[in-house]
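Presented sequentially are two complexes of subunit A, the first with subunit B as partner and the second with subunit C.
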Partner chain A sequence: MALDIVSKYRSGLIAVFLIVFQSGAWGLPQVYQKPSDFLRSSFGEIPPTRGISLTQSQQSRVRSILGKNYHQKVIRYWASNERCAFILEAVGKTELITTGYVIDQGKIESVKVLVYRESHGSEVARSFFTHQFRGRSLGSDNRLDQQPRNIAGATLSVRALTKMARLALYLETLR
Partner chain B sequence: MKKVKTQSSRRLSRKWHRVLGMAAALPLLLLSISGLLLNHADSLGLHERVVSFRWVVHCYGQMPVGEPIMVEVGERKIVEWDRRIFMDTQELALSGRLVGAVGFKDQLAIALEEVIGIYDGHDELVLTLDELSLPKVPITGIDVVDQRLLVQSGSTWYLLSEDFFSAQETNQRDQAQQPKKLSQKALKELEDGIVQGFSIPLSRLIVDVHSGRLFGWPGWVITDLAALSLILLIILGLRLLPNRRS
Partner chain C sequence: MSFASIFLALGGIVAFSLPVKSQDLLVAPGVEQADELDSSFLNPQSPKQPGLFDRLGIGSYGELHLNQGDKNEIDFHRLVLFLNYRYTDRIRFVSELELEHALSGDGKPGELELEQAYLEFAFDHGWVLRAGQYLLPLGILNEVHEPETFYGVERNGIETQIIPTTWWEAGLLVSKETESGLGFDFGIHSGLSIATNGSQAFNIRSGRQKVAKADASNYAASARIRYNALAGLSLTAFANFQEDVTPSSVEQNTATLLGASALYQRGGLQLRALVADWKIRGSAFQVSGSDHQSGYYFEPSYRWYRAIARLAFLRGLEHTTFTRVRCNKQTRSVLGSTSGPMKTLL
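Moving on to the complex of A and B:
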């Protein structure tokens, strides 16, 4: 009898099995693009690495943007002519989100989520969201001249990407 | 004939009601108690109370597995255990296979296969170097000469610049230091450190007990089965509800 039930509902059971075991992969980091590929696609080749060593006053400004210190004291960047790229990390809810920002003369040229480690909120990696940052610049109050729209269910990730965008724009003025 | 069939059906329902009731009793009891506690989490202060027990660390899969290895830099122990990196008993925001660690200029460089972490005298992360800034990965060795970092990849050694962002090949050196096994005493200290460093609100623990997630997939399968059993118990109970006719 049990075998009859299994054969009768086989396709349904397989679907349930797949859903259940797919759910186990939710916690895995999602690599959208390797950082090296991001730099190659932005510059053609990887420019030499440079670093910004934050002074106390700069750390203070960074703190006002992020609400806390950046987790590294020296922040790397890659530059070619007027354009420069930062690969920054910030915590969404509990995990780090790695995002690449290309800045051209004080304005964001492109934003790309490279590694997403949170279980929810990965919508921020979609182009409909990241395209909103194009052309944005930093106002006098350390805020973007135009805020991106929020995504319901991904509020913390949206905030993290927005803060990193502000940080990238500020760092660009220090290089 | 119909009466006999009804009696037989009732007997079957009663039998299954009894079997299901016994089988699901413990999970349902756990669900009920945890549900009651969660309903009163605020008044019981369950959000504020934190728990930190060894079995909790194991249940959440936070205790590394496998054999830890370490390198010593002065009095500091740099340990890799299951790709997690610890400085003494403090976990660092680095992950990977430990290659080596060296001290220089009041700083500490920890080399993993794919990344080097530079820490200052306050154990704060100054910089991480990865494939974007290193001459070559995987890294196979690390050393210091004249207060400058030497990094080995394959059989080639590279001397890093003062700012770490450029490198030049340098002469062959001896074999770099190799990580060694952790002593039992140091392992015990590390385990204690991991347990002390992991604490969660009691309410979160009870939520995970309630949903069965705390015990992995067997936990939520049992929870689901208990819930299904409850539905069946209600149906069977309703079938037994009408008075027995003699």
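Moving on to the complex of A and C:
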């Protein structure tokens, strides 16, 4: 019976379907937190900007972590006492994901997705996922001591955040 | 296990990463202005107009199968070419072209297929609209079917015979993701055309028209709800409705597919389960006993990566042992193992 109703009103259904879309406004990317606010909430203020310039051998270690070079030759970071923060970018499927990492003495203190530009997989920005990185450190094999669990449908974004976490832990050893 | 299979993935998946040019960065000592800092990350692209290669994405994968035992056969199962183009930050074109079984043509075993070709529009608040030919959001494998995303050489029987993966249709699809981890998809699209006589009679898989001069006198619709809010757990429920799966016969045969899937991962352990159930109305299907076609599978697996890494000569490889119990007309089980280069994720 329900099926008959669907058949009868199918032109109506299609119209409804389009109207839903008209109400949506253009507006990618999704900014969860501004980089400046991320640094303020992590340090209380914005610490001076510093930079790490990668040498050849460091660049090759970065390649083994990311599978390619980082897209910037000098990577910025912000530090206060033992703690430091990196704001890194990596492509999920086709778009850059901007993520902030706070590292405290070789361990991840917090992870926050700041800007998300992919159309799918935004679950990686949620705290149930990012909390998994807390306390993680880098093993000699360039892997995290404990892997985050995957999110079905967001695998490439999960990989991007994991790679950036490993990169942040490695960069922290260079500062 | 009556046959042993060897699987060679050629090339692997090439991600559609848009090249981002290396650029030198000015590191200002002292406190960087907050606005400057924000804009350097919010507008990471260089101010110049992005060129062709910033907008174009190319990817590929291939599968060469050697099956021995029940059949002794070597087959270049598929070679796939992805071509994407980003018009703006919110509008992009996605396509997937596939050559199956190496040789296509009249009387030849293979086919050249357009699997996907659609325009995707991204809106605010997680809304996405696809228009064109797209993969239906049904089951675990249909949308993401690259060989590295499932265990074994061949795809499982449920997502071959019940959900005819890879299944694409033409129409519109709207998707939305919410902050709470819930997502849904709803699409209106072209439908199946199942034969009621001949060797492929009542076979759902053979009913795919592949949007090739397809009968469009009837419509079909698909819907899916996803729940991804707990670490390691992913649940979906999905449905497909067909107004008439036999447009060439006099009798109208409406059909409904209902199904659900679950994925759970903890450490190296992964559990996958899927159930799918077709109900097809009409006397022709009832008489032949094909009015109800359903099946399920359950697949526990374990990925060994720490233990294996201790053996130096196996470093860089990872191994997974899996078993899959599936039931449609009869229950079958598979025990297998896969090995491959370590994924960067795990």
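The rule is short, and it goes like this: the second predicted complex is superposed on the first by the 149 of 175 C-alpha atoms of A that agree within 3 Å, B and C clash if a C-alpha of one lies under 4 Å from a C-alpha of the other, contacts with A are read in each partner's own complex, and residues count from 1 in each chain.
By our rule, a contact is a pair of C-beta atoms (placed from the backbone, for glycine too) under 8 Å apart; a residue touches a chain by one contact, two chains touch by 3 or more.
In this text the structure is predicted, and so the values were computed from the model without any measurement.
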First, second, both or neither for A:S36, with subunit B first and subunit C second: both
Which superposed partner A:S137 touches (first subunit B, second subunit C, both, neither): neither
Partner chain(s) touched by A:R50 [first = subunit B, second = subunit C, both, neither]: both
First (subunit B), second (subunit C), both or neither touched by A:Q72: both
First, second, both or neither for A:S80, with subunit B first and subunit C second: neither
A:L114 touches, of subunit B and subunit C: first, second, both or neither? second
Partner, of subunit C and subunit B, that touches more residues belonging to subunit A: C
Set intersection of subunit A contacts, subunit C complex versus subunit B complex: 20, 24, 35-36, 39, 46, 48-51, 71-74, 76, 87
Interfacial residue positions of subunit A with respect to subunit C in the complex: 3, 6-7, 10, 13-14, 17, 20-21, 24-31, 34-36, 39, 46-51, 67, 69, 71-74, 76, 87, 89, 91, 93-96, 98, 114-115, 117, 119-120, 122-123, 126, 128-129, 132, 141, 147-156, 158-159, 162-163
Footprint of subunit B on subunit A - complex, ascending: 20, 24, 35-36, 39, 46, 48-51, 71-74, 76, 78, 87
Interface residues, subunit B side, partner subunit A - complex: 93, 118, 120, 124-128, 130-133, 163-166, 217
Of subunit C, residues touching subunit A in the complex: 15-18, 20-25, 27-32, 34-35, 37-38, 40-42, 44, 57, 84, 86, 89-90, 92, 120, 122-129, 140, 144, 149, 172, 174-175, 177, 179, 181, 183, 186, 188, 219, 221, 226, 228-232, 234, 241, 243, 254, 256, 263, 265-267, 309, 343-346
